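Below is one structure, written out as structure tokens; comments come after it.
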Amino acid sequence: MAALLETKDVTIQFGGHTAVDHVTVDIAEKQLTSIIGPNGAGKTTFFNLLSGQLSPTSGEIYFRGQNITKLSPTKRSRLGIGRSFQITNVFPNLTVLENVRLAVQSKRKVRYQMMAHFLHYKEFKEEAYHLLEKVLLIGKADTVAANLAHGEKRKLEIAMLLALDSEVLLLDEPTAGMALEEVPAIIEVIEQIKKQHEQTIVLIEHKMDMIMDLSDDVLVLFHGELIAQGSPQSIIANDIVQSAYLGGMYNEQLS
Amino acid sequence: MSSFLEVSHVRANIEQYHILHDISFHVPKGEVTVLLGRNGAGKTTTLRSIMGLTPVIAGEITFKGEKIRNQKPHLIANRGIGYVPEDQGIFHDLTVGENMRVAMKKENEETKERMDWILDLFPDLKKFWNKPGGQLSGGQKQMLAISRAYVNDNELLLIDEPSKGLAPIVVEKVMDSIHQMKERTTILLVEQNFMMASGIGDRFYIIDDGQTVQQGQMNELKQDGVLLQKYLGIS
Amino acid sequence: GETEESGAEGGETIKIGVLASLTGALEAYGQQTKKGFELGLEYGTDGTMEVAGKKIEVVYEDTETDPKVARQKALTLLEDEGVDFLVGSSSSGDTLAVTPLAEEYEKVMVVEPAAADGITGAEYNDYVFRTSRNSSQDAVSAAAAIADEGVKIATLAPDYAFGRDGVSAFKTAAEDLGAEIIHEEYADQTATDFTANIQKILDADPDYLYVVWAGANTPWNQIVDMQVQEQGIKITTGVADRATLPMMAPLVGMEGFTLYYHTLPDNEVNDWLIEKHQEKHGEAPDLFTPGGMSAALAVIEALKQTEGSTDSAELIETMEGMEFATPKGTMTFRPEDHQALQEMYAVTLVESDEHDYPVPELKKVLTPEETAPPIMNGK
Amino acid sequence: MDVLFSLAINGLATGMLIFLLAAGLTLIFGLMDVLNFAHGGLFIWGAYTGVWTYQMTGSFLGGIVTAIGVGLLLGLVTERFIVRPVYGSHVQQILITLGFMLVLQECIKVVFGPDQKIVSPPSYLEGSFIIGEIVFINYRLFIIAVGFLIYFAFYYLFKKTRVGLIVRAGVMNKEMIQSLGVNIKLVFLLVFMVGAALAALSGMLHAAYSGVIYAEMGLEFSILAFIVVVIGGMGNFKGSLLAAILVGLTQAFMAYYVPALSLATNMLLMAIVLVFRPQGLFALR
Amino acid sequence: MNLAQVEKSTWVYVAISFLLFVVPFIATGRSVQFLIIQIFVFGIFAMSYDLLLGYTGIISFGHVMFFGVGAYSTAVLFDRFDPTMLTFALAIIISGVIAGIVSLIVGVLTLRLKSHFYAMLTLALAGLFLVGAEKWRKLTGGSDGFTFGLPDILRDSFALYIVSALSLVLIFFGLRRMTKSPFGKVLVAIRENESRTESLGYQVLHYKVIVSVVSGIVASYSGVLYILSLRFVDTSVFATDLTIDVLLMTIIGGVGTLIGPIIGASLIEFAHHWLSDLSDVHWIFERWIILYGTIFILIVVFFPKGIVGTLVDRFYKWRARRT
């Protein structure tokens, strides 16, 4: 399968600390790749490198064979790399609907239009509503984003990412803090995308059952290094993953 | 006999919205009590009301027999209640060490001991002692938030979703640590991770739409398939 | 505006609008002008507030030292109050924002105490007469007080129009008298430290240091601290209002000049002013009080000569070359640029028994001819 | 060489004076993040009341004590009634503190009259002496000493206590610091009062330095203080001190060597620093 | 455009605009007209400021530099050339171009900075403009300033009134449309969360520079009108006081609303005018500035989001409570 995103020896250092250490991976097109690893292993940092929030100290990043190492987040987003954030990152004083609408507007490339009234673009709003429905947030469309409960913000975050409709979706712990009963709905959304076979998803999660169910491919980061890559089953059998990431309780559960 | 922490018929509004309608529960000393419920049910708001951060318009909250409803947050905190907020409340520009230092109410032998225990629990914090809190990874921030509440000799801890963003092995450590503290400290927990909740909880309450709708012993809940399915979507 | 009515029943009235900074940074000056103007009217009309059978009405407006407000107030005066004369104001900017209105409404404006040369120079118009001295007159007086063949002079002035103009006028006048300007130093007026500037003056080693200064942040302390006088450099400057005298205590013995100090002029009008001012306000008149009075006297004298006519053409013709008695002796409006030629005073700063601050002592009256500034309106 | 030294020492003194001015703002603006445009008002009230006492009693020290007392009191009033409702909102802070500034400034004129007031240092601090070719001005040496004294006092305070941390934490997340058992309102109040007292003290010291005080001087000098706090790096005493000295020295040397630009010194300096080091010279955040 | 789609508020504004043109037939006094012209001028200036502060979340302490550029371009042109309408047109164009270039350079230089630092840098640049005007006396006349002639039409207060009113109305509707356009929505997004806007695929710096150029040009135009009404120019057109004034007007009216700054400008101009007139009523009011300052304090207390902002808020709450 063709690699959509590739990194070559990507490294980033913060002061003396190497957060991502010579990582070389291929992320296959239209697949769901998961990244796991202990806290502070460099998963989010790796996302930041892919999406352009950070630029690597050394190494290169390719998207469809094009070197994008030096491109800004904006440019990468326009190329088709969209992301959600681990720490909720929305427009706090705008309504939920407006948050999503802004993302839709960007996708439709209406960026510097100063003359037309925004209501002129009704379909943006409709699309935004549609997305809110998908993530079970339709009832909160007119709530100001700052007033959402934590789990609701996570859903909004996902809706905004979906709105961008980008080729690559980078999802950073989308379900952290989401209620047990609502996680399935989100998984459902992800599964649907997977089924459509149109978008490439990269997922960071600490929920192992989700990883096992959804992933085609799993990457394991450890102290910034890529220590394993493979199918979910092979990864879970990995000793280091077992001892240093999952710990005893998970084993008990498995057995 | 009034229990350790008693919340009865609490109602709270945020601006013009009624968020809590009728919240009642009690937390016995030395136990771990867990609040469960879906997103937006009002769990966080309940903890904030206890802390004095969200004003209560009706009902009563007593701690060790004393009314603490709508007292100033710092007075409530100084009664020996620690709080780990949902959004972690890290002081981003302060280093990990400074974050800890700000939290310390006293600096004595006991605190020092506890500090060693904490750093043992979360070695990452030691490693990044001089790093600004804002630069930590999501999970590291969560560890820091928990540690800040551990560093003082609190009688009651309110912890909002501690497992969020933590690697499975760290979740285990946090559970361990709660077990260890149980002798001295009572804990009120909001948790979405049922494995963790059921692993350490003694009692549970389910909150739905601003009301406490169910309560009971954790062991019972684990067995009760109907309840699990109805409120927690677990089958 | 604030109206003071008095005088004859019935008959026509003549309305005068006075613009001054009654609040803000130049408040003190504005108040002096106002008091002087009031007393001027009283003196000029012998207390009747009437001239040529018409009663006089005055409206005072506060310009707040803001050109926009000045213009707004001037319009109010010209339009709503329908004044026949404008008088004012405390700052040159305020004044320049108003003089075109005087021309437009064809009303005579007596400028007092704004000093910028431009008012009777580049920005001159026929309706403007100035009773206050202009910056060049200051400079010429200063030169007259110290300049002589072979005297070496350095200058220190704030780095903006007032300082620059003052120095350049002084330079011309002093060089005419044979002196040599060996160093010009300009300082940031808002700075707190002038020692570097003073250091350079010390390096130049002149006989005299001529200081042009206005505003509150003064260099005097530092001139003393840097022991300028001890190093054989004599200081000279214009003596300003009473509030600044205590600051000049360390400069006792200094030779300089002033446009007014109440003990200096020796004439009836001044005697009357001192007495009345003491009676009314409990203190002696200050720097710009006689100016305010002179403005009033100029207006009254003009009206007397036109027999109460407020026709502007007639007034202008009358006032050009008009002589009128003021607390500073007889002033004359020069026909070419309508600048009043007037006495200035060369003084020495001496300690005083009465006050805990030094006072200027008359060295020599500089006659109007001696201090006549160049004509700068191209006529 | 002598000139260099003389410029340096006078520049240093100016810098110290500016530091005193900026010290209060370092607390209020730098640390507490309050855009306090009324700072100049605290400054003039310190100057006027201090000078009044000094001239009534003849005691310079009395004047200083009065200024500090008035500063504390005004700080209390300002924090409690003006600033407290608007923490966190710069836009509201600008409006309300500017309004209060006008009130403070105008009240000076009501109480003390509109005229400027003349002051001189006490006899024991007056005058100057010459060593070699260099002139040492006594009062400036005194200012330098006071400046260092205050700097070290606060350096020590922040080193030894949690005050600095608590204030910074409180600005970042007020609810959290309260939940940790800190009465942040009280801390803010006290820190604000100390900042106000520093402003008032510097007003008094400045009065005797420049020899004259007037109501409008407040706003003029507070802009300078803002500049120093920003280019020093917000909330950092060391940064403020060094930035203030930098401003003082630059002013002195520019006035001597590049007089044509001396009018623009402060602004140029600030523009250059911010273009090349946008976070200020010694950023804390 | 379908008339039915036009927002209700637009009709209200259109109606008010028409009223503006009736006013000079009622208030014929020149001093009243001058006062209202000042409100228009500062209304325009404040709207341009609100574009930065209210819509994009940028606090600038140097906005006066554009105002001053407009003022001096006009004054110098009228001083050097024959005062004709052609010169006026030239003045508008030249000042717009200079302001555009200046704001482009300033924007590119400064807009990368964060809040306080940006504010202080603009303060510094405006300060340098002031010093420049002070130093370049051949052109500017320094702090003494100079007066200049105007074409006969513009000397007429009524004509100037119409010109200013028309400018205000056109600029108001123009900017309103801009803030309601997709572009304007992105500005608001930038105000709320810059980095998030970036990761949605918007180039934040471009937006900021564009908005600062638009704002600079509008501000310079208000400077042009100001100087026409004053017919005298001095360095005070670069004074920080003016930035503070416009800041106050914007905040008092309510940031993030365009009508707010206009109301703020009216309030400040009128309050100033009336309060200072009070001093004749009773000596107590000689210190009217105390009252003036107190008004600011009270506005923060009773209208925390500015007058318009707070009223709009209350209206929404009231509506929410009814439903």
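General observations
All chains are identified by letter, namely A, B, C, D and E, in their written order; residue positions are counted from 1 within each chain.
Basically, contacts are C-beta pairs under 8 Å (C-beta built on N, C-alpha and C of every residue); 3 or more make two chains touch, one makes a residue touch a chain.
Chain by chain, the UniProt names read as follows: A, B = ABC transporter ATP-binding protein; D, E = Branched-chain amino acid ABC transporter permease.
Since the model is a prediction, treat every value here as computed from it, not as a measurement.
Each step here moves to a touching chain, and the least such steps from subunit A to subunit E number 1. The set of chains touching subunit D and also touching subunit E is given as B, C. Comparing the centres of all chains, each the average of its CA atoms, the largest separation from subunit B belongs to C. Remark: among chain pairs C-D and B-D, C-D carries the greater number of C-beta contacts. As a whole-number value, the distance joining the C-alpha centres of subunit C and subunit E reads 37 Å. Distance from the subunit A centre to the subunit D centre is 49 Å, each centre being the mean of its Cα atoms.
Mean C-alpha position of subunit B lies 51 Å from that of subunit E. Between the CA-based centres of subunit B and subunit C the separation comes to 76 Å, rounded to the whole angstrom.
Residue numbers of subunit D whose C-beta contacts span two or more other chains: 109, 263. Counting partner chains per residue, subunit A has no residue touching two or more of them.
Inter-chain contacts, as defined above, occur between A-B, A-E, B-D, B-E, C-D, C-E, D-E. Chain contact summary for the complex, subunit D toward subunit E: residues 82, 85-86, 89-92, 94-96, 98-103, 105-107, 109-110, 223, 226-227, 230-231, 234, 260, 263-264, 266-268, 270-271, 274-275, 278-280. Subunit E makes touch with subunit C in their complex at residues 29-31, 34-35, 38, 134, 137, 141-147, 155, 226, 229-232, 234, 236, 272-273, 276-277, 279-280, 286-289. Touching subunit D in their complex are the following residues of subunit C: 24-25, 27-28, 31, 159, 185-188, 190-197, 199-200, 203, 216-218, 220-222, 225-227, 243-244, 246-247, 249, 357. Within the complex, the subunit B residues that touch subunit E are 16. On the side of subunit A, the complex with subunit B involves touching residues 14, 37-41, 43-45, 86-87, 147-152, 155, 173, 176-184, 206, 208, 244-250, 253.
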